[in-house]
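As structure tokens, here come the structures.
Below are two complexes that have subunit A in common, paired first with subunit B and then with subunit C.
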Partner chain A sequence: MEIPYTVKPRPDTGLYNAKLGIWLFLASEVMLFGALFSSYVLLRVGAEPGTWSMGLMDIYVGAGNTMVLIASSMFVVLAWAQLKQGNLAGYKKWKWATIACAVLFLMVKWSYEWPSKFAHYDVWLNDAKVLHEKFEKGYHETASHIEPGGAAHDNTDAHDGDVEKYIEGIYTTRFFKESSVTSEDEFKKAWENGTLALSGHINSYEEAQIDFSITRWKADFGVSRADATKVLAKFSEDKADKLLQDGGELYEKTDYDTAKLAEYELGQAGFTVALSVAGYETIKKHPWMWGTKRVNEDIGGKPRVKSLVFGLDETQHHQEITLDVGDIKRLSAYEPKHSTFFGIYYTITGLHALHVFGGILIMLYNMLPVGLALWHKDREQYTNRIETFGLFWHFVDLVWIFLFPILYIL
Partner chain B sequence: MAYEGQPVPFVGPLIEALLGNSVAPGGVMSAELYNVFGAMHGTIMVFMGIVPAAFAAFGNYVVPLQIGAVDMAFPRVNMASFWSFFLGCVIMTVSFFIPGGAAQAGWTSYSPLASVIPTDGQTYWLIGMIMLITSSLLGAVNFIVTIINLRAPGMTWLRLPFFVWAQFVTAFLLLLAFPPLEAAGIMQLMDRVIETSFFLPTGLVVGGQDVDVSGGGSPLLWQHLFWFLAHPEVYVLVLPGMGIVAEIIANNTRKPIWGYKYLVGSVVVLGFLAFIVWAHHMYMTGMGTVISAFFQTTTLIISIPSIIILTCLFISLWGGSIRFNTPMLFALAFLPMFGIGGLTGLPLGFNFSDVALHDSYYVIAHFHYVVAPGTIFAIFAGVYYWFPKMTGRIMNEFLGRVHFWGSLIFMNLIFMPMFAQGMAGMSRRMSDGGATYSLANPDNADITVGALGDTIMGLNVSISAAAWAMLIAQLPFIFNLFWSVKHGEKVKSDNPWQATTLEWETPTPPPHGNFTKEIKVYRDPYEYSVPGAKEDFTPQAQPAK
Partner chain C sequence: MSDSHDSSDFIKHLVNLFRIVGGVLVVGTVITVLIDINFPLSLAWAAVIGLSIALVKASFVVAIFMHYKWDKKLIWITWTMVLTFFFFAGMMGLILWSEGNIPKLDSALAISTGTNEIPTIWIILASMLGVVLPAAFTVLTVKLLNQPAPVEAAAPKAGRTAPKKS
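Up next is the complex of A and B:
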């Protein structure tokens, strides 16, 4: 039994099966990305004024990646053309070039673009008065150095340390692109209600040191005394028996992870434990993807993180301010949950990256002996296979060409 | 079936044993379990029942045979489609047994509820759906390529049996309507797992607590993406059924289908229109009168091709010498039952009457008439009709009739009263079966208008009884299906129904590669009772003199 038209095109339709199949697959892909682009439009149009960020993307990096993909699209055609002429060596050369472009594209995305966003934060505060103090402290010096008309932002007419005007410039650029009656009204409201965010990096923070003590062991918990002692011995070899009997301190000023692991494992063995914050130590680090829950988690009545040293954007020398965690209403890195903008940004670019990644795997398969076996068996079918892959690859490229302007430029 | 506070009859202890006594203490269904059953019934029936049975199973078996192809175009894609479906089914089924149980937010999975519901079942549902969607997409590509590229010589577009046309359009619906739901599923999954706000509005409060998310999302966005799939999905459910019915009616009236070209035209138009009617499910969302008016108009337009199809099938009966065998009985019952389902949809298509009927039992009755005595009867008809091709034996006729009359009567006894309940104002998705709004409820003593009378509430009893009877009526079918494989009456030829289409040109059952002879098509699909012909059927593969 032979399925017809797997290699040669059917005369009346002019297509071999796989080519028709890939076009249909691409039609469904159009609907998939179309739905996401439609969602982007609906979310953006429906966003309340002052919530949809613009201009946060590095256009030059994005444009560079666009060029890389377009080049790869060209290489994939050249590779196929070489095959058509029966030149396997030429094909391999261009195919490797395609793969190299695809890998470069993903590296830029996964090792530069995304990670740099994960370490970049917006912080919203509970109280408008505190916010104004922080702004004053953080931006006063920068705002004083900006002459009217000579600012980094065209629409900033800040002078003489008028911090409010300077912040309005940043706000207007980010959410409205240019100044208008709406932008002025919205800024006034946001300024007075204190709903503006502080943007920047966490340079260091004070994290809890935890005192960990065992209060008692429940004999009726369902774990035998011997097993419970064994579990406890993992954490304290010499004092296990005594701790089980009388309770007492297990750790002094330990770190969060150690304490939480012990709390979980001992809890499973029937121990009641008490965690309390003994003090805070300063850690110099740029943490990734912290959320509100991460910093204000309650440990025996005190927060896990006491304060953050925050290096502000759009200041000279990344002016640092200290934020007390009690003042923070919400904290989010530039990750999907930051806002609907970042949500849709990561969804579309992520799904696109997944397509690029899948494409790389298919290309590698076709280059390995297992894939090349088809070339030696049936050259035409192998060439067809590369052609249908090329159609897919052009589509992936095309998605990016739509995606780049709507996410990076608009 | 079970009343609030009472154990489920017969199977209560079994439910408790399987799902744990937190959700069904003493066999009494909790409100959460009711929601689980409601959500999963819809999901299972639509995505794991009718789509795989009517589209995938019949399509895979009959379509290549009817177009004279050796196989589907991409056997490996077919296999990938099956395993993806299988995995989706496993995930859906497993979700019943995890802590908290399966999805509870309805088969429509509306956000914000579905985004914030804490049980893992909702997440399983989304992952399962993504697998099922992937399966449908792969299947759809395969069907379309097969029909376009693997038709036998002479099998021109207007010689395709109507069933193939119906499958062709269905495949396009799946191919183009499912991806938006896949996108929506990914977004809802992100809402649930990494706390994005695609479908969560600003200032959302759950259980008196502010939800710690950015907000700014749109619950309406989910509904648009969902119904963009789910309306075409309705046609996915019913078109294969129409195709099966058309085959059987042509065969058993012994005359050509009346208006074959109208049928084909209608089904294609139906396919196009199916993409622009979705928001008639959303009149009550406050999306605005202009949009509602647009979708009301398209909805009424789409009823035209549906009515043409039904009318063609009805007229086909006229003047035929009808053979009332079991498949024909089911096919004949399909016509009025689908008719009831379709006509009762008109008040839902109109904005003004939908306001009163929306989310009531009327809606339940309406769509069940379309898919239960509609599509499911068509599937039964198909099973009885093609069983001889698959096994070489005919299913028992007497048991078939028992099955038919039992199903027909009890199906109507289940769903007909629901129209009355809905018009009286009984809401769907109520774990107490409407008792909150009952006149018998002491809290409602001072309500004079709108409370549910005892007559309306009492219909629950007869509906429950009919549902159990419906189950019993399926036993003859189940027995018949398995018994006939070994013991049914043997067919005397490869073409026991004396049919014209190509699937009867193969040996019974068809071997690997389907056909043992060269297939060439010479004529239209339904050449029955051709004047001057020797027999009352002229197969498509019979050469012209």
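Up next is the complex of A and C:
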């Protein structure tokens, strides 16, 4: 079937069909993003003071990405203007520039903005007293040298209250735009109740080394002796028969993943096993997206992770403190479940990034021989196709124009 | 864009406009960032200034980049979008008034109605707008897509009548 009015405007609508179609599509997109924007504004306004972490956003990265998207939006319209003048080579040049900008935008999001958040943590402690000790230990040196604003301090001897004042500065820039009666009250409350979070990176941690032994094999489990031996042989080839008969130690001081895999597979074959923590090993890594459960997991009565070495934000040389897992009430990376703010942040930026990704696919299609075939068949129709794509692309840019102040400034 | 605007000179004029708009967008972004860094603003002011600049930038994108300025035939779609905007704004306004920390209605309206609660009729009207808008959008789409174009409708008629005459 041939689609009518791909080149000439339809007399009654005054537009060629594809253009009308893309505008109707954009109208539905306005409703989609409009709903999300409204949700954001309502959640933002309705949030309890001291819970909206907008101060964590890096405005320079946001502004840089805005520029990249503006450039791509201009390039795509210049590409269309070249086509309109019948210049295919000029069109290709601008179109590749558009694709490059779009890819750059996604790369900044995908390999810098989001991942850096996944390795960045907030830790809340059970006890206010412990929290104050940790603050004192972590921020004492920085607070005695630098005012929250960044200006150097005159007196090198820090006195009590300096740390508290310094933390208040961090708290105010993170949750409130400026110091006010509300921000002071909220900080005082949070300080006294110990509900403030320690923010930073996990630099290293002590993870359990597990002793793994087989207690017995249940003959009535429903797995034949030969099959059970076969499963066991995967883990211990030479001792399989003996272990099945008498039980005994399978692994000594193994790591968590090995132990858990063996526990599962042997459990399926009718073995009862016992895991116990033999000791802890320090691992230097910046783990991604850990939660409280991940570090607290119980292995034979002991936690999977014993302690974390935590490099604090807003300190000189990322001052390190050691946190005992027993003191931790909640640990969360800056991932969607961290808070309402990050939940809606990832939803909106993720949906927008999907649009950018879709746009890149369409642009690539139009640039490949299969897409360019239309240019050789019907130049005007191809030009119109590029124009409708341009309309979509400008809309994606438009959404970002509004997202930028909302996410990075408000 | 209509055919009268397809001349080479006009395209050259457009390209200049596109460059200017690109410049405007960059300047707008820079101003937003500079204001945020240099002036400690309250949330309300940051919202007003930030969103106003965004609105100006958006208008330029729609008018020039999307050459809406020359697509006067899109008037029905424009109205749908404008109504959508009012719908979202109205909904947000109502919820902010009843749930948020924005002062309840006072002054003239409160005195005239003797209460500072939101009149029920507003909520009913807003909800109706919520039904009317998607319905209008659907009707518009179906109507535009189903309507046979006058020219096309004329052609088969001539074809049908032709054999009778012969």
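Keep this in mind: the second predicted complex is superposed on the first by the 391 of 410 C-alpha atoms of A that agree within 3 Å, B and C clash if a C-alpha of one lies under 4 Å from a C-alpha of the other, contacts with A are read in each partner's own complex, and residues count from 1 in each chain.
The criterion applied here is as follows: contacts are C-beta pairs under 8 Å (C-beta built on N, C-alpha and C of every residue); 3 or more make two chains touch, one makes a residue touch a chain.
Since this is a predicted model, take the numbers as computed values, not measurements.
Per the definitions stated earlier, placing subunit B and subunit C onto a shared subunit A by superposition produces a clash between them.
In the superposed model, A:H394 lies in contact with subunit C only, and not with subunit B. Once the two complexes are laid over each other on the shared chain, residue contacts for A:T66 go to subunit C alone; subunit B is not touched. In the superposition on chain A, contact of A:Q85 is made with subunit C only, not with subunit B. Once the two complexes are laid over each other on the shared chain, residue contacts for A:P405 go to subunit C alone; subunit B is not touched.
Residue contacts after overlaying the shared chain place A:V41 against subunit C, while subunit B stays out of touching range.
In the superposition on chain A, A:V77 contacts subunit C only, with no contact to subunit B. In the superposition on chain A, no contact is made by A:L354 with either subunit B or subunit C.
In the superposition on chain A, A:E178 contacts subunit C only, with no contact to subunit B. Look at A:T13: by the touch rule set out above, it reaches both subunit B and subunit C.
Superposing the two complexes on chain A places one region of subunit B into the space of subunit C, and among 73-81, 199-207, 289-297 or 433-441 that region is 289-297. When both complexes are aligned on chain A by C-alpha atoms, subunit A residues 4-5, 10, 13, 15, 20, 24, 27-28, 31, 34-35, 38, 42, 46 touch subunit B in the first and subunit C in the second.
Of all residues in subunit C, those touching subunit A in their complex are 2-3, 6, 8, 11, 14-15, 18-19, 21-22, 25-26, 29-30, 32-33, 36-37, 40-43, 46-47, 50-51, 53-54, 57-58, 61-62, 65-66, 71-74, 77, 80-81, 84-85, 88, 91-92, 95-96, 99-101, 134, 137, 140-141, 144, 147, 149-152. Within the complex formed with subunit C, the subunit A residues making contact are 4-5, 9-15, 19-20, 23-24, 27-28, 30-31, 34-35, 37-38, 41-42, 45-46, 59-60, 63, 66-67, 70-71, 73-74, 77-78, 81, 84-85, 177-178, 180, 390-391, 394-395, 397-398, 401-402, 404-406, 408-410. Of all residues in subunit B, only 70-71, 73-75, 77, 137, 140-142, 144-145, 148-150, 175-180, 182-184, 186-187, 190, 194-198, 202, 212-214, 216-218, 221, 224-225, 228, 512-513 touch subunit A in the complex they form. Interface of subunit A with subunit B (complex): residues 1-5, 10, 13, 15-18, 20-21, 24-25, 27-29, 31-36, 38-39, 42-43, 46-48, 51, 291-293, 330, 332, 335-340, 343-344, 347, 351.
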